[in-house]
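Listed below are the structures to be examined.
In what comes next, subunit A is part of two complexes: it sits with subunit B in the first one and with subunit C in the second one.
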Partner chain A sequence: MRHVIGWLLLTPAAILLIAFTYWPIGATVADSLFSRGNPIRPSRFIGLENYALMADDPIFWQVLWNNALFALGTIPASIALALMMALMVNRALPGRALARMAFFTPTILPMIAVANIWLFFYTPDIGLIDQIAGLIGLPGHNWLGDPDTVLGAIIVMTVWKEAGFFMIFYLAALQTIPPELWEAARLEGAARWTYFRRILFPLLMPTTLFVLINAILNSFKLVDHLFILTKGGPDNASNLLLYYIFETAFSFFDTTYAATLTVVLLLVLAVLSLVQYVVLDKRIHYR
Partner chain B sequence: MSAIAVEGLVKRWDGHAAVDGVSFTVPDNSLTVLLGPSGCGKSTILRLIAGLETASAGQVTIGGRDVTGLDPAKRGVSMVFQSYALFPHLTVAENILFGLKVRRVAKADRARRLETAARMVGLDGLLDRKPASLSGGQRQRVALARTIVAEQPVCLMDEPLSNLDAKLRAEMRDEIRRLQRALGLTMVYVTHDQTEAMTMADAVVLLNAGRIEQQGPPPMLYERPATAFAARFIGQPPMNLLRGPTPGTLTGVRPEDVMLNGDGRPARVEALDYLGAETLLRLSLDGEEIIARAPGRGAPQPGETVRVAWPAEAEHLFEDTGIRRDGGEP
Partner chain C sequence: MSPRGALETGATWLLALLWISPLLYALWAAFHPAAFAVTFDPFAPLTLENFGEALARAPFPRYMLNTFILVTMLLAAQFVLCTLAAYAFARYRFKGADIAFALVLVQLMIAPEILIVENYATLAHLGLVDTILGIGLPYMASAFGIFLLRQAFKSTPKELEEAARLEGCSTLGVLWRVYVPLARPTYLAYGLVSVSHHWNTFLWPLVVTNSVETRPLTVGLGVFGAPESGVDWSVVSAATLLSVAPLMLAFLLFQRQFVQSFMRAGIR
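Take a look at the complex of A and B:
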């Protein structure tokens, strides 16, 4: 009887999860095993042919590489910046509330709005960056038009947007750490850096794990800005996996290949979360 | 050698003086208690001695050396916080050794000091635990061990026992006193509990609103309170203060000096506090409340009238400003 009630209580959540998560995942995996259908030749089962196609697709490897660079460029930088900003505004300084708000503002803006602001920064010649560069006599540069700089430009913008959000979590965690810990360490002769390394940073580890998971997921999920800034270009230099999936599905209407790419994205995310929970969890102190 | 001298110490926050011209000395190898109600500036004085706050005015010397502007780590003090300030992610041993590692004490030396300290406070067998799995009393012992291994000549304690239950508090009181003597520490101990102060202190500095009301050894504070505040604050139950004998004066009488037998002024028994060994009688004497001590059993019952009197030499006379009339040392 007890477990009947248990299952009944579980049902609403289970229905929602199945309808909106597991069913679509299953359908996507199934789709990826079929050929692209058209009015003349209907879709048919082709096994792993789509995956073989993908392995030979240079754009797929490029967006995967871009995504790796994007993740490496944004994750450590935004977390480090977030921690630095949180340490800064956690102190009793005049104008602290103002600084906190300033750091947090990029977070409350939608990505599309952020992209528009940065479009104004990056525009060649008349953009803010080139204007400032012009003042000190540097030549203008087409930041978003140059395959060598476009990914970097997008990374900088993403760090700017993400750091403020992560700062809030660090700030909340810092407020739970009693100030006597620093005073006790200080009386023992610990420098600020020693205190940070031996006490503060380990105590912030649960927050860092949480932020890290979010940052990694975001590095695969955040593509809104590509619609405004680059559309993945030039020459796929700023294309990311999710944007490539979108293009494949809705610009090239190749839904089965899009399904194949989606399966890869799901696998990447699943492996990453597994690694994080299994490996990092063991080494983290939870109070 | 490590005597502390505090001279004209002032600490102001936004114009309000939390510590307002405080001077006292703590002789080498002795225990001085800073006593006073909550908010009177005890912690602030302790933190000024430690260097965790900077003084607005005045001077702190330790062992004859002016340390007023010196870095806290260089003053030769260790401190026990009310919250113990243990590092939650480190084991007991790591907590105790943190300071020694920071100060780069050699490994063999660290192990030796850890062992001695753990034995002194009874922490053997708990060294691999995290603070979260310890009881309040055990955490307190870790905090004590941390100050022992530091081997600093001066030890500062801020209400170290206030998070413990009454029985443990009495035990730890003895233990801290024993450690202080055994290690020859110069100790400043902050508390709002006059029992702690009276039982532990070589000397008490009684504070009120950032100023010293009176300082001296416990018997002096009890027997010759310099102010009405000191009279009321020290002693449990507090001293009775009655108007008179002349206008603008107050007469203080300790409850144990109030005699119930024989002749005297009539007083009505309003209520009883039965404590076992004794009973406290709350009497109404000409409209003023007065407390008397009576034996545990056979005390008069509420509603009865008794006659109260006290010997003239038990009277303490105060101006209504609170100052003792016959000139107690402030």
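Take a look at the complex of A and C:
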């Protein structure tokens, strides 16, 4: 009886999960083994040919490399800032609520709105950054149009958006650390930096790992800003994997190659979840 | 306050000011004529013209209605589906429950927007392309909601259920009268996270929609703000603020609940 009721309760959710998560995962893998069809030549089974194509596709490698750089640029910076912010507003200070709000607000804005605001900062010559640079006599620069600076510009913006989100996890963790620890360390003559490095930081490690995994996931899932800022350009210098998948499927209409690229993204996510499962205690990541 | 404390306070204020300045700047640009977009003259005249211009150029009230319909419909469906599934996982040790739960958790990692190609094909089969229902459907069975509610239901004392059974409550009666009311804080937390997440998503709605009647705010703003549209900066700022205003106001009013919900939720 309980088996029947259990499954009945689960059925509505299960149908949707199958339709929009499990089935498409399977279909993606299957599609990646077929050729791109057209009205004259229908799609046919080609084995791993799409993967061979992908291995020879310089854009694929560039996009993957960009994703790695994007992750490397955003994650350590936003985690360090998040921790600093949390330490700053965890003590008594006038205007504490305001400071917390200032740090957290970018988090609840849609990435599209953030990109809209930052687009103007980066606009060559008339944009805010170049205007300010002009005041001290620096020449204007096309931040988003130069392959050397475009990824950096996007990284700065993303750090601005994400640091406040990670801050709240550090704040929550800091509040569970007994103040006696600092008292004791002070009695032992420990400097504040030593206390941070030897006691506080290790105690915050579970939070850091939790935030780290989430930050890596975000760096693969978040591509909204590219639609406004760069469209992946110039010359794919800011293109990321999910955006390339979108382009391949909906601009170049090559759904089987898009499926092949999606398989790579799924593999990345699978490895990350495995790491999360093995490295992190369940209690930590599903608190 | 010690000199060191004062220094730290100053540094905190400075960083906070730096952090909020892009938003303050957007406010400045939106409420001043275009000529003052980069001239910070404290006596610059205030104006609402940019908002008027934005509203004249794109149907933002309609977009807002679409977003509102989307998040409400989605949240209602999520509450029902996730409640039923979470109850099954929390209280019925049915055969295959562990495997089924592990499978549900897969969706935490692989959100439907990762699978845009196949999910778009599915929607096309169902004839739901360019509908608000189509944007919401893949997210209705939310692994995250099931997970949170399961936790809440598990912490509900079993004795309460037994008492309700003795009073003659059915399975759904127990769920509705005992479990749901006691999990109210979890529903609030999940609701805030879900609404703010789906208010802000862009990629999937962009793929699904192609008309004014279905487009949510984010997509409307994306179309509006694209650099090639040639709209001037102050108007884009006004449009951006219009799009984020409802969620922003809700956040400012219920800041504590928002932050606590995000903290509880962990994963957006």
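Odds and ends about this structure:
FYI, the second predicted complex is superposed on the first by the 256 of 287 C-alpha atoms of A that agree within 3 Å, B and C clash if a C-alpha of one lies under 4 Å from a C-alpha of the other, contacts with A are read in each partner's own complex, and residues count from 1 in each chain.
Keep in mind that, in the parts below, contacts are C-beta pairs under 8 Å (C-beta built on N, C-alpha and C of every residue); 3 or more make two chains touch, one makes a residue touch a chain.
No experiment lies behind these values; they were computed from the predicted model shown.
Of the two partner chains placed by the overlay, only subunit B lies in contact with A:Arg186; subunit C stays clear of it. Once the two complexes are overlaid on the shared chain, A:Ala52 sits clear of subunit B and of subunit C alike. Residue contacts after overlaying the shared chain place A:Thr255 against subunit C, while subunit B stays out of touching range.
Taking subunit B and subunit C in turn and counting the residues of subunit A each one touches, the greater count comes from C. Within the superposed three-chain model, A:Ala68 lies out of touch with both subunit B and subunit C [touch as defined at top]. By the touch criterion defined above, A:Gln131 lies against subunit C but remains apart from subunit B after alignment on the C-alpha atoms of chain A.
In the superposition on chain A, contact is made by A:Phe227 with subunit C only, not with subunit B. After overlaying the two complexes on the shared chain, residue contacts for A:Val275 are found with neither subunit B nor subunit C.
Of the two partner chains, neither subunit B nor subunit C is touched by A:Leu267. In the superposition on chain A, the residues of subunit A contacting both subunit B and subunit C are 285, 287. Those residues of subunit C lying in contact with subunit A across their complex are 5, 8-9, 11-13, 15-17, 19-20, 22-23, 25-26, 29, 38, 80-82, 84-85, 87-89, 92-95, 97, 100, 103-104, 106-122, 137-138, 140-141, 143, 146-147, 151, 171, 196, 199-203, 206-207, 217-218, 221-222, 225-227, 233, 236-237, 239-240, 243-244, 247-248, 251-252, 255, 258-259, 262-263, 266-267.
Within the complex formed with subunit C, the subunit A residues making contact are 2-10, 12-17, 19-25, 27-28, 31, 84-85, 88-89, 91, 93-95, 98-113, 115-121, 126, 128, 131, 160, 164-165, 168-169, 172, 210, 214, 217, 221, 223-224, 227-228, 242, 245-246, 249-250, 255, 258-259, 262, 265-266, 269-270, 272-273, 285-287.
Residues of subunit B touching subunit A in their complex: 50, 52, 72-73, 77-79, 81, 83, 85, 87-89, 98-99, 102-103, 132, 146, 150. Interface residues of subunit A, counted against subunit B in their complex, comprise 178, 180-181, 183-190, 194, 198-199, 202-203, 285, 287.
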